[in-house]
């Protein structure tokens, strides 16, 4: 099952399996990668937000990326996230990604420092000057507070700084406008990170999808992607509806106990454990892991979806 | 000039001087520290937000903290910031601070991952278990998006996890409520990070102030603090008014060019350069440094304030 | 050209033409209504946000609704907005709408008072008990600050309180979820108020659209609607793209001079004046009207769109 | 007990007592006014946010203002709120206030329409041109979404449009800056609407306070005000602390049931009922009234405060 192009298609942001005591669980990670490739993904995005990279230290990030590149073993491209607030650390992560053999690096806006757009541009330009890897801009204002404006994205594309955009903003109107504006730069791939509107995004001309929920059902997203490419919108919508129902697994955390991130990612990991793909649903500290009650609710959703 | 107590008084969050090519400028840092101590500060807070720690890599942080501890040389306590989004990295920074001889560690809520309060608690408990240093909670929602609720602060105090709070929220009502609620834990020091309401905070019973503007005028904040301790509220208010006028240096960035952080911190550094204390106003990348027009406006404010 | 059903299709929220001295301009209003009906609209929404009802007093609202009902003269249904913060005033407006012969009333969440969802429910229940007109819920959090949750909408539908929803939230994911959830209540019509994603909304199963931009190009929205109903998604998308380009008329206000509302609605009215349909682009006070520079920019967009 | 000046001192925003069936309860209103005057208030603010004006219709507003002016009978000035989103309706309310004998009118920024500052200025200028009453600017962004910037306030003062500002923003830093900037316009009175920082505000030079909690304990706020005027800051702080503890009555609503406004105002009204001053704690629709559980919690707070 060949993937359509380097930076397009279905590229799930891989979860990171941990053992009960918090170590990276290599055997589970390998099973998860095989599950993704068997499901027809066209790329793997390691160390994205879904990986809990924001809660890992450097040693863990290195281990995860190294294992991922080796397990994937060239079958699909591996994109490496460089989630860091400073330009210097992003460059350090880019060099690590080069060294470990990743195919591209995914960089979000600087955070904590609340930058201007001029400083966002500067961030990407400096990173580009320091790495040989193609760069995707990671637009995720919920986590980093800063919007990467359409004007900034267009500038980065026109300067040849970015090879793509991974948009997790949830702003469908701006995403669509960006897809239209970037049509003049065909080498810049537009990915949506919104699991629930992949049919919309493909209809608007997106190149691909980076669905957290793809961890749980990669084949579903591949079917949705293929239907959209074929222009079979009824089939795309039907698959989208099925996946939207499955997405309920991210809303099963007991209110107040888990946070936004652990509630969502914990849902993915609990589902993967229930499916027998990973060993535990342990989260990186300080995130709390889902308990038995929460896990039971997720099990029921998986059963209703016919995945169990 | 003795300082009143370990965790109280005037504790400026130190700026980090860089050379024009971005290296840590040790000579300028030493002059800045001498200027602070001569101004009567009762502690030094290294690697806080004002230090641009959010835009430094690990090697730079180590260098800055090492130099700071050595230059201060025991004359006042050195608090070390551990600005990091994950518990693991915070603990790494705490160990670095122990090794380099800092007297306390200042820890903000986890960020990027958008935690629940339960997870904020977990973050501080795990850090406390991993370090021998006293911990101050760093409440700075503008940068980390997450509020540390009064309930969380009270829980941390009651468990003996924290030795203080550095509150940069700008929420005077909640700060005041926290001061009142923590009166039962006299060993927990309450610092305000709001430069413009130090008289209010002291009037409400705060133990001290961590003023970014203190870099520029440490003696002014010490006079304000002393007046408040003496109950001379007219003098405190007059000094506050003078410092509030000086604070205009943080609003001189050309709109759109600099960001929130570089606009404010760039104002401090430009003023320090104009005062002859540090060599350049260079910022850590990707932050932009102030240009000549912006610098001129700051020079005028310093002149009006009688500092030049 | 018959309209598909009472509460579906293309229902523009009518602009209110004023004379230069601020009186309701009946002749312009009549021309505007004829332009809409000639363009194939299936209903007229009077006194919506686009009408500037929020800046009219009661006498003006009565005059506008009275004229609208008489000019439409039964050719399509007339929906009347009841934009008011209190239940009592909403009921007063509902009675006015009954008296003047409107076919339905459109009610937003209470505002200024920042209600709970329980109070939002109470608001709609009391309005329903006081009027014989069918009620559409007007979901417009940007203006009223309060979200009408999916749970509230579902409750209102299940109790038979509402006959439809006009959703101007811009939240495509929730709109889509509401369309799916309300499929069990076929008599409840789902309208999107988002001009730029009508193809998405129709693809997701919406019943119709209430496009402010429809004032300027009603035939375009009718073609888009018809293409979607026919399942001709390529044609729908092409029409959407054309209308999206035309939507640039709402971004021509000089930054800072006009507000969000006057900048957008002023764009519609200036375009209508340039098209010769209404006499002036005067806005209700305190909103500023577009000046010559802004008008020229709009004229250019209309020319590029082939409307001039 | 004379009041210090026309627009200064303690001016509670009066609650509106309703009978169980929602009519204005004149006897309770009269008792409430007597309670305020006996407590030493220097003015009465009718039809403010605390009055539930946002949930009244025009007939109710007229009745409340008419009764208030007659019951006060010239003993202190009566300020009349003109809470409305449009300039036209504000002017209608100003004329009503003139007719009924109020001494000033209090006007917030236009809302629903999301105006620019230029439009906010226009709003106040047009209102000023249409009324003989002095105008206070009502800064309450939580309810109207729009900030009245310091620059706008200064412009209004310099043009002689406003006689005062009632600031309920909760932004202590900007309030203080405004007090300083308006010192050059001594006829413009600065009121804080923040019950918990009256000592701060007076310390910064405010002219008075408009405390919702003053309905419940007017004498407390008068003592606080008098202590501040006398420069007895220890006494002012002690009184503030006592009132801050009493303020807990606004946090007793069961989460989710009541909204922001009904939760706070319901607390005031329930306390007034428990104190025997008003007959019921009924709220204007659609706001929910406090139930027995909530009332009991308020009763306990009143007992702890020594008011019962």
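For clarity, chains are labelled A, B, C and D in written order, and residue numbers in each chain start from 1.
Just so we're on the same page, a residue touches a chain if its C-beta (ideal position, glycine included) is under 8 Å from a C-beta of that chain, and two chains touch if they have at least 3 such contacts.
Bear in mind the structure is a predicted one, so any value in this text is a computation, not a measurement.
K.L.:
Chains touching chain B and chain C alike, please list them.
P.N.:
A, D
K.L.:
Which chain maximises the distance between its CA centroid and that of chain B?
P.N.:
Measuring from the centre of chain B, the most distant chain centre belongs to C.
K.L.:
From the C-alpha centre of chain A to that of chain B, how far is it in Å?
P.N.:
A distance of 35 Å separates the two centres.
K.L.:
Using mean CA coordinates as chain centres, what's the chain A-chain D distance in Å?
P.N.:
Here the centre of chain D sits 50 Å away from the centre of chain A.
K.L.:
Please output the residue numbers of chain C that touch at least 2 other chains, ranges allowed.
P.N.:
There are none in chain C.
K.L.:
If every chain is a node and each touching pair gets an edge, what shape is that graph: line, ring, star, complete or other?
P.N.:
Shape of the chain contacts: a ring, since each chain touches exactly two and the loop closes.
K.L.:
Pairwise, which chains touch?
P.N.:
Here the touching chain pairs work out to A-B, A-C, B-D, C-D.
K.L.:
Given the complex with chain A, which residues does chain C contribute to the contact?
P.N.:
Those residues of chain C that touch chain A are 170, 172-173, 176-177, 180, 194, 196-197, 199-200, 203-204, 233, 237, 241, 244.
K.L.:
Where on chain C does chain D make contact in their complex?
P.N.:
Those in contact with chain D are residues 49, 52, 54-58, 60, 83, 85-89, 92, 110-120, 122-123, 126, 142-145, 256-262, 284-288.
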